[in-house]
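Shared chain: chain A. Partners: chain B in the first complex, chain C in the second.
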Partner chain A sequence: MAMPETATDALEARLQAAPSGGGAWIRAARAAAEGRLRAMGLPGRRDEYWKYTDPTSLISPEVAPAEALTADEAPVFDGIERLRVVFVDGRLDAAASDPLALEYLEIEPLSQVAEVDIHWAAEVFGQLEARGQDPVARPLAALNTALATEGLVIRAKGVVPRPVSLVYVHERPSSDAMIHHVVRVEPGAELTLLENGPAAARFNKVLEVDVADGGRFHHVRAQGRDHDRQAVTHLFARLGAEALFKSFTLTVNGALTRNEAVVELLGDDAVAHVAGAAAGDGAEHPFHQDDTVFVTHAAERCESRQVFKKVLRNGAVGVFQGKILVRPGAQKTDGYQISQALLLDGDAEFYAKPELEIYADDVKCSHGSTSGGLDPDALFYLRSRGVPEAEAQNMLVLSFLAEALAEIEDPRLREDLEARLEAWLRRRTR
Partner chain B sequence: MTATDKTAEIREGVDRETVETVKSVGERYKYGFETEIETEYAPKGLNEDIVRLISEKNGEPEWLTEWRLRAYRRWVQMKEPRWAMVDYPPIDYQDQYYYAKPKSMAQKPKSLDEVDPKLLETYEKLGIPLREQMILAGVEGAEAAPSDGRRVAVDAVFDSVSVGTTFKEELAKAGVIFCSISEAVREHPELVRKYLGSVVPYSDNFFATLNSAVFSDGSFVYVPPGVRCPMELSTYFRINAEKTGQFERTLIIADKGSYVSYLEGCTAPQRDTNQLHAAVVEIVVLEDAEVKYSTVQNWFPGDEEGKGGIYNFVTKRADCREARAKVMWTQVETGSAVTWKYPSCILRGEESQGEFYSIAITNNYQQADTGTKMIHLGRNTRSRIVSKGISAGHAQNTYRGLVSVHPKARGSRNYTQCDSLLIGDKCGAHTVPYIEIKNNSSRVEHEATTSKVDDDQLFYCRQRGMDEEEAVALVVNGFCREVLQALPMEFAMEAQQLVAISLEGSVG
Partner chain C sequence: MLEIKNLHVKLEDEDKEILKGVDLVVEDGRVHAIMGPNGSGKSTLSYVLAGREGYEVTEGSVTLDGVDLLSLEPEERAALGLFLAFQYPVEIPGVGNMTFMRTAVNAQRKARGEPELSAAEFLKLVREKAKALKIDADMLKRPVNVGFSGGEKKRNEILQMALLEPKLCILDETDSGLDVDAMRLVAEGVNALRDGKRSFLVITHYQRLLDHIVPDVVHIMANGRIIRTGGPELALEVERHGYADILEEAS
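Up next is the complex of A and B:
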């Protein structure tokens, strides 16, 4: 694809920062990513896939500064027993982290793995990202593969007893972080991965998850409450037969968040659920949140579910682009997708593009999308039972979000995030 | 020439849940004949001179010629859109005739005997009754001939020109103007000038711009204030000549408080080359007026190998310009090799209403990318979309739609339902809706499902003695029921049969 010169220059400028050296496998992976990126170019406002979210600030050479939020509540997942790994402005902070050791778990920093010549991560690192580039280009993910030097390489070899918890800390006001994690869940193994915190003023993350036959992977994240931060995250997952994959994301605040999830069901009877709840108030800080999901069914009898709910007010913008692709032969597919927005006032905006693309006949696929305000009848009902208006509103908002939160299997994690949402709402209730 | 007599090959009966391939519609395409009529062509290709020539042939005023030329100059700079989920080889726009006219139209015949018998034969095959044939063939005094009781006014467009309009006098009594657009340019220039391009501007999109430059004819309707049009109006489009594109332009104006129901049908001969059809339909609906626009699109879809067929690239748009205006699009799309069509509603007036009911059936190698746009601009506007896509054989069927609610369109409401049905495992069904909501007092709901013909329903029908083919036709007709019900009587019958014919041989 021919690019205008300025765009090429911008891309070359970014690629100047590409790491040199490292082991043979990672050099090959980075070079391949560079090639992909040059072929597709950086995203622009006119790209169909960026119709509702302007990528300019995500690719600009300068990072818009963002202040770190001073904590006014206990960190997310605080009471949960877990293996903590801390990243400060995108760099692994070994001193603040737990020792990288747990039963049935191999966990290594990417910076170390990158030094060896041969590593199993070569089968996953950049590979799932490359698969995810077709049919829709995701240049910012290729950029990440080409440039990222930080991240973790994780392998679950059995049922890992405690969650691995990645804690992202944002300190410098104009930090620009790029992190790339690789996870492999071996046959029959199980792993829960938690993520929380804002990471940096600008954050580009790739998480590649390879779940082998019968493996189980749970992912729960809270993206941090910093107001002016910008983040583009990519989740690439590949599922074997009878594998289970569940991912939930909570987004509150943030000037710009784009969460892409690309899930491929390659083995029969696999199950993939991707869910998200977002709450934004554009009164004092801009809020723009975008969930872009692409689920591919390439095997028989698989199930996929996408559940996304957004609560928006004061000029907050919510975007949902979701797709279910059923490849020829993926019979008995059960695909479901719902995207809903609750607009709490006249300024909020919601854009949705829920797509189905189906090439097999014996399937059950559906999607639904709704948008509207709070139901005045429901409000009236609660008020007539003596519930004060503000509280009644919050109750309705929480019940609206409940379907997405219900996708979190572990009740402790779910309750923790529910409490965050409730607190967030209460802070905005006068 | 015709393929109607080919007997259907019946597959050895194996009871299977769904059967892979569907017998071609092409094999049964009963409108696949071609009429050998002497035709007058403009030279092949497209340039400013051709645009001028078309304008001159139609005896158009200067402003219209200029308008066409502006469109042409714009078109030269435009790129053909490629975003739709359809795939076809590049079109050579210079290898087309942009103007073709049956020669016999040059002088008005006195009676049917003088009419080119081939032309009459065509009408007969199309099922147009004698009296209408006379009128369409331009026989003098035909309007006075006794009517046979059918009350649909017809305007027939053969290749590029309108060959005649029936019931004109009776309509004129009610004040309704129904004529070809070239006639309207001559007789009612003020109306044409005021409204032409006011809904679909000449710069709108690649195909509409092309149409603006080269449209040769089409229908024109004006319904005066408070008039309920006394009969259904109908236009019949046919592409006959080879390598001819058809670019008709329809303009409908429903003045305050009026009502009109308009039907459109189309067929084309069976050929192994592709033909281009790029029409524009503009509808202006004023205060309290209502327009019902129904289409049964049965252009030649190509044969069972996907050879030939019409490229149907159509821009249709209605502008509910004033309060409480209402427009209803109903379409049954069974023909064309490639369809690219999004009948839209601009809901500008307060409490205006737009409805879109669609059945799109694709079979063999047909491709359809169709849907609607509902643009809510006024307060309390309402829209409803019901789309049923049926895909069989190797066909690809896409629903693409936009629901946009602007900040000022408070209290608006949209309900969208699009269902797809797959018959066989080689075809595809896709849904690409765009939803853009900018206020909280509006409610927007979108639902879509994709499934196959329900086994239980099939089993139930078979249990009651139906064969599998009948059972599938019944289930599919049931699947389309909501849309079929929205059609006027005349079309509903035809459409129901079309649905069954299109799916014949899909099982067994």
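Up next is the complex of A and C:
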């Protein structure tokens, strides 16, 4: 990306805020990220990877204000026993959080880890992000590595008994938050990570997850219903042999959301599922939601699934860019990708760019993408049984989203998010 | 009582008249069968009665117990006591059969101003009705009609009918795609609902279903009209000679 001068200026202005000091390992990681970022530049509207989503407001010096939504229901995951860590406008709120202690778990604030000279986090922080820059540049993730001072450094050393739950509270109308988490799941260990909340008016988050051989990682997040919030998130994951990785994201509302997931299957027999359900109604507030996924198979007999469903109406926009790359030698790969949009009226939009790139000859890969309205036969069937039209429509919307929600393994978490979606739909049909 | 008077129906987006003046009265407690060759308008009649979109009534009237059906939404007709067992029940992935049926039962109860059933009350009710139709717990848990065999789908329709306790049941080609055993099971389910008050409109191409669900009155429909009405013997005549003779006679 050759940069015109104004873009260079914008980048330099952002980098002015780069933290100085800290331990040797993090100084090195931040400096490397700065170098990467200068080489690639900030994204622009003309970049192919940003064809369907305008990055301008994600990189502008000024943050577009967003009001925090007043909660009218219990917070997500409320009934789930978990270790809660609270961030307010992007800052760790230790007083509002549980003590950072749980069996088989090491969990430390990034701000503390950054002060020491040697730490295991050096093997992951910025490292998976750097790996994810090829073959497609992801400058906003490098920007995050260079600038973020908040986040958690988490290591699972066994089967962690309760989920770690990150709660992102948005208070100030023009908060601009940047958070960077690092997770390592040791061989045979297991961890569930929950995230919920809008975090800030503008949120840039990176989550790097290193799952060692036989490790298991579950990730469920709900991005918060603030209407005008903007978020760009990157999830980088590296999987060893027989590792399991499952990530699900629920997005309802939000002026702009770009969720990137970059997953590398490096050990044989690993399994990676990335899924999402999005629901947007552009009637009163804009809604633009983008899932950009890149899964690389670099070992044998691995399985990957991408399942993304979006329900859109009143000018809401959905984007899916998903790729499966099968490297030479990654035989017996089983790759699946589906992206579907349910367009509830004529002015909702869905842009899909599914891609397969395969360099091994003994693989099974399939992908599909559809967009359409509600099935009139199904609607009539439900109504003929006495179900009122609005309720019948909602049932069919949930039916449409079910395949994505089914990717959440824990039934309590799945039912919680299903109930959120139902409530969201009901509020719109009253 | 269902009263259809001089019903004319055309397709909404095509200038094609399908029903050309249907007159029919189904008294309470009676079973009427409508037979006819393919394309005679039998299924259209069932859809128009249930309120499916895509049809335009150009003339005539339909009332159920004196209430004008044609001005009502499909869900209002259902709450009034009309039930259509579909020829091709629709698959709805991701919605549990049980959830679907409880939603339907409670929506109708609510529309009639009756208290809704709790999950426990409903479960008890379903178990009792499902047993008679040999519908197991697995079929109740699975998504609506997804992966059901032809026979299972039709049994599921009859289960819904049993739960919703309609005044008027319309069975649209319920025998299609069923083997003899499945047909007997479905017919038993229907017969169990005959209580002297509930009425039935059984639409079928073949006589064989009527061996199991014995009608009081048989109508022959052709080219959008009822061309003959008689007793159960009329069905046997069709069975022996086919529709050709009757059609010729009528023309």
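Just so we're on the same page, the second predicted complex is superposed on the first by the 427 of 430 C-alpha atoms of A that agree within 3 Å, B and C clash if a C-alpha of one lies under 4 Å from a C-alpha of the other, contacts with A are read in each partner's own complex, and residues count from 1 in each chain.
Definition applied: a contact is a pair of C-beta atoms (placed from the backbone, for glycine too) under 8 Å apart; a residue touches a chain by one contact, two chains touch by 3 or more.
Because the structure is predicted, anything quoted here is derived from the model rather than measured.
Visitor: Using the overlay on chain A, decide if chain B and chain C clash or can fit next to each other.
Guide: They fit side by side.
Visitor: For A:359, is the partner it touches chain B (first), chain C (second), both, or none of the two (neither)?
Guide: first
Visitor: Have a look and say if chain B or chain C is in touch with more residues of chain A.
Guide: For chain A, the partner with the higher number of touched residues is B.
Visitor: A:134 contacts which: chain B (first), chain C (second), both, neither?
Guide: neither
Visitor: Does chain B (first) or chain C (second) touch A:367, or do both, or does neither?
Guide: A:367 sits against chain B, while chain C stays out of touch.
Visitor: Regarding the shared-chain residue A:401, is it in contact with chain B (first), chain C (second), both, or neither?
Guide: In the superposed model, A:401 contacts chain C only, not chain B.
Visitor: Rounded to whole Å, what minimum CA distance do you find between chain B and chain C in the overlaid structures?
Guide: It is 14 Å, taken between the nearest C-alpha atoms.
Visitor: Show me the residue ranges of chain A that touch chain B in the complex, using the header's touch definition.
Guide: So the residues of chain A in touch with chain B come to 48, 328-329, 331, 341, 343-373.
Visitor: Under the definition above, what is the set of chain C residues touching chain A in their complex?
Guide: 50-53, 73-75, 77-79, 83-84, 86, 89-90, 92-95, 100, 103-105, 107-108, 111, 143, 160, 164
Visitor: With touch defined as at the start, can you tell me which chain A residues reach chain C in the complex?
Guide: Residues in contact with chain C: 375-378, 380-389, 391-392, 395-396, 398-403, 406.
Visitor: Which chain B residues qualify as touching chain A in the complex?
Guide: Checking each residue of chain B against chain A gives 17-18, 83, 85, 407, 410, 420, 422-452.
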